[in-house]
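Take a look at the structures below.
The same subunit A turns up in both complexes below, where it pairs with subunit B and then with subunit C.
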Partner chain A sequence: MPVSTSPDGAKIWQLRTRNQTLTRWAAYLVAVAIFMWCWQRISEATTWFFVWDAPRIAADIGGRAWPPRWSYMDNLWGPLWDTLNMATLGTLLALVMAVPIAFLAARNTTPSALFIRPVALFIIVATRSINSLIWALLLVAIVGPGVFAGLMAIALRSIGFCAKLLYEAIEEIDEKQVEAITATGASRWQVMAFGIVPQVMPAFAGISVFRWDINIRESTVLGLVGAGGIGLQLQSSLNTLAWPQVTLILIVILAAVLVGEWVSAKVRGAII
Partner chain B sequence: MLELKKLTKTYRTGDRALHEVDLIVPNGQVMALIGPSGAGKSTLIRCINRLVEPTSGSVILDGTDITALGSTGLRKMRRKMGMIFQEYALVERLTVMENVLSGRLGYVGFWRSFLRKFPQSDVDEAFRLLDRVGLLAMADKRADELSGGQRQRVGIARALIQNPRLLLVDEPTASLDPKTSRQIMRLICELCAERDLAAVINIHDVALAQMFVERIVGLKAGELAFDGKPTEMGEDVLTRIYGEEDWQATIRKVDEEEVEAEVAAQ
Partner chain C sequence: MTTATLEARLGNGWKKPPFIPNPALRWSLFIGGLIYLVLAISSIDVNWTRVAEGLSRGWAFVTAFFNPDFVSRGGDIWDGILESIIITITSTVVGIALSVPIGLGAARNIAPLPVYLVCRAIVALSRALNEIIVAILLVAIFGFGPLAGFLTLSFATIGFMSKLLAEDIEEMSKAQAEAIRATGSSWLQWINYGVQPQVMPRLIGLSMYRLDINFRESAVLGLVGAGGIGATLNTAFDRYEFDTAAAILLIIIVTVMALEYLSGIIRAKVQ
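And then the complex of A and B:
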């Protein structure tokens, strides 16, 4: 404790001792040095001519991209519908798999903390660590291009996310309510249904709509690797340098994401 | 009849919560368990229905050794023991009716309980109990909408719908105001009398315990320090259980008139 006595006898209190203060300043110095070094490396590797040129190029593309080609919308309704379906069905599929995994992973509900919990945690980490775009690449190779591959990619990527948030919610429940239900002579499953499920229901609903909201955004790009949806149109428009179509697709994606965000905010507000 | 034989509980941390406690609670007796925080009162109550596993010793209810039971037998036995909690321990997001009916879980299969299709006789009994504790109008409210006293009444109804042989009551009044505390204690004691039900009540409020129960047991550091009638509680007993303090204001003067008034109020 950095409490010392000054020469005139008054007690002095400081948050940190002198050594702790010096250590902190040294750490700051190291952090700044690392930042400067990285800055220099990136700067060396950059062709600055292209960067100085960037505003002109951006203005050029912008000029060619405007106005959006509204008539192209007729070709977009189908892919847009596919995109929404991919997000929604993928989320549902993920939830079906995430719920049991979450219960197996939560410390207070797992049947075996030594054997089953690590397996459940591994599944969570494994599915979370791989981006849905990479899942889609793999699945397009395995099940072929199309909406189904995108749906599976969304589902696999979402399992870990949903299961992780849900098992954290399960671990934070009020154990007294569980104790009270146990004391009535309820079976293990009844304790789950009456003591635990009602407590995690709001968290579950919140996680579901949150993930659905994220999945709408993710499913718009999955077409880039051939997994169906509006991304497929985006890619072909980019390849043919059809900038007005690209503009329209970006506007449509923005609108879809806004609608998703609005719906999930409404649902969350209604449940919690 | 409840019988504890050399009941001992040592937690994994090495804390010795109970040490060879011997205790007999006859049928229909309402007993208060007092003692300082950490004396092992909650542990004792939880060892009876094995929410906490006793380290050694046995708990015998109506001739059955609870400590020797397997999980199915334990569940059957828990049905005979209603429990009431300090912070009510209602499932907050379920309705009052669901909370009361959850007392019947030990008797109803999983799917029936999951779909909330409880037998009509259970529902009838739930309504009767809600009426008895004065909450009939609240049956459809969610538990977290109720006040503390009302929640504890739901907790009492949940324990009683089990049709238990024994009530285990853990600090029923610790979160309630003085008036509500008295009402809740009175209700518990009345219901025990009506049903010839034995009860073990953990309680901090010595005066309140003296007012309502017929027997007081004092626990100190996991061992029995006093066992007697409320009228036998003196300053020396409290000092023995809790340590040195001025007990004048705590001990209730047993006044004949007050006792009669209390009886009349019931």
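And then the complex of A and C:
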């Protein structure tokens, strides 16, 4: 037990030994030093004059942005429909690609743990770690601006997410049911269809709706890089400094996100 | 015995039960989904000639992945990555520091109702607003540079961490907290010895996860001028320098993998 000795020789209980305490302090010191260095770099790269001016600018923008220009709503229904389509079709496309990848990546269903599983896991990590905006940037360069690029961006970004959650669900299934189906003499595909799929079906439905909700959020901003949807209108309004339109678009995006969240909560509640 | 009765005795063959038991709901969902799909797909006009033209560029990008160019824009890439990391670290630290009090306030079992409502409102606002949109507004207000990115991610971290922290606190064991209370502790001591040890492991795990998310997000903030590697990446794409873009994406992927691995180790240690 770590103890220290007081001047009169009595032993006092302490939580940590001296070395532990010193190591902790050194770690804290390094952490604070790193943080301060990072902060200094940010501070150097910042024009502080603008920052001190920020409240006035914010008030100025706020004053110009209110009230929202409601009449602009007529121009937003089309982009809103595109946004919904990008999210929904993108999610569907992602699921079509994610299901086989998930089965290849799950330890208990993969045909080869040595060769195929690492490839599947790499696809999952690679698609997951690249933001959908970057995918959109790339696809706009490849297939040209428009809804199609956004749809593909959403789909590619979602593969990793859906496949990861799905393969974890597959690894957690009850092996007894699989064994029972195998014992009836079922083929490999029948085992999959009747032993594994019914067990992961609720998880699959939950994941799809969850990702659809996230995709609604993401597809609202994809237009900023030219991939269609309501973000395109946001970009053009920002470029022309039409702040009342920006306010309206932000309200519409917020409403779309809240509706998406509500729908997904309802559906998930119904499934689980 | 006729064949009809034999079949009646044998019963019908087994059929897989449908996922949605109610047939009316099942069919209306199916048909509604089909109509939506037709409408949605027909409303997307794909310019196939443009896509065909782009495929060669797509292929160039895929091959660039096997031949990334880290060198010719090396200085820009290094500066961008460093700025991304700086934004990630500062925003995670500040975001977590701010989300602890807000998380405490958003837990119904320790916060009074007015505080609870205010904190929940902050959390809801932060979660509803997309990072990119917040970044656009903050760049307009604070000017270009990493400060806007730092503020954006700090704000986004608050929504994420506070919500999960509050949910964790609401699920904590009351017995331990009451035991500390019974010793006559002050409110701060109560939080420190009754609540904090119960939520700390999860808080550390979530912090690591958020660090990972913040790095990924910081990579795109540059697209709207909020600092980080995104600006370099955008320029690389605009100039069709796919080998540089591939190098940047590889760095992002490797960093994310490393962070995920690290967070896995740390989470395994604290839990």
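Please note the rule applied: the second predicted complex is superposed on the first by the 242 of 272 C-alpha atoms of A that agree within 3 Å, B and C clash if a C-alpha of one lies under 4 Å from a C-alpha of the other, contacts with A are read in each partner's own complex, and residues count from 1 in each chain.
Here is the rule we use: contacts are C-beta pairs under 8 Å (C-beta built on N, C-alpha and C of every residue); 3 or more make two chains touch, one makes a residue touch a chain.
Bear in mind that the values here come from a model prediction, so they are computed numbers and not experimental data.
K.L.:
Could you let me know whether more residues of subunit A are touched by subunit B or by subunit C?
P.N.:
C
K.L.:
A:A45 in the overlay: touching subunit B, subunit C, both, or neither? Say first, second, both or neither.
P.N.:
So A:A45 only meets subunit C here.
K.L.:
If we overlay the two complexes on their shared chain A, which of subunit B and subunit C does A:T182 touch? Say first, second, both or neither.
P.N.:
First partner only, subunit B.
K.L.:
For A:I142 in the superposed arrangement: first (subunit B), second (subunit C), both or neither?
P.N.:
A:I142 sits against subunit C, while subunit B stays out of touch.
K.L.:
Let me test your reading of the model: by the given contact rule, A:F35 touches which partner, first (subunit B), second (subunit C), both or neither?
P.N.:
Touch partner of A:F35: subunit C, not subunit B.
K.L.:
Does subunit B (first) or subunit C (second) touch A:R69, or do both, or does neither?
P.N.:
A:R69 contacts neither subunit B nor subunit C.
K.L.:
Please indicate which partner A:G195 is in contact with in the superposed arrangement: first for subunit B, second for subunit C, both, or neither.
P.N.:
first
K.L.:
Which partner does A:R268 contact after superposing on A: first (subunit B), second (subunit C), both, neither?
P.N.:
It touches nothing on subunit B or subunit C.
K.L.:
Would you mind listing the overlap between the subunit B footprint and the subunit C footprint on subunit A?
P.N.:
194, 198, 201
K.L.:
Across the complex, what residues on subunit A touch subunit B?
P.N.:
174, 176-177, 179-187, 189-190, 193-195, 198-199, 201-202
K.L.:
Which residues of subunit C touch subunit A in the complex?
P.N.:
Subunit C reaches subunit A through residues 16, 19, 36-37, 40-41, 43-47, 50-51, 54-55, 57-58, 61, 82-83, 86-87, 89-90, 93, 128-130, 132-133, 136, 140-143, 145-147, 150, 216-217, 219-220, 223-224, 227, 230, 233-234, 237-238, 240, 245, 249, 252-253, 256-257, 260.
K.L.:
Using the touch definition from the top, list the residues of subunit B that touch subunit A in their complex.
P.N.:
49, 51, 75-79, 81, 83, 85, 87, 89-94, 98, 102-107, 110, 113-114, 155, 158, 162, 168
K.L.:
Spell out the part of subunit A that touches subunit C in their complex, as residue ranges.
P.N.:
Contact set of subunit A toward subunit C: 34-35, 38-39, 41-42, 45-47, 50-51, 54, 57-58, 61, 81-82, 84-85, 88-89, 125-126, 128-131, 133-134, 137-138, 141-144, 146-148, 151, 194, 198, 201, 205, 217-218, 220-221, 224-225, 234, 238, 250, 253-254, 257-258.
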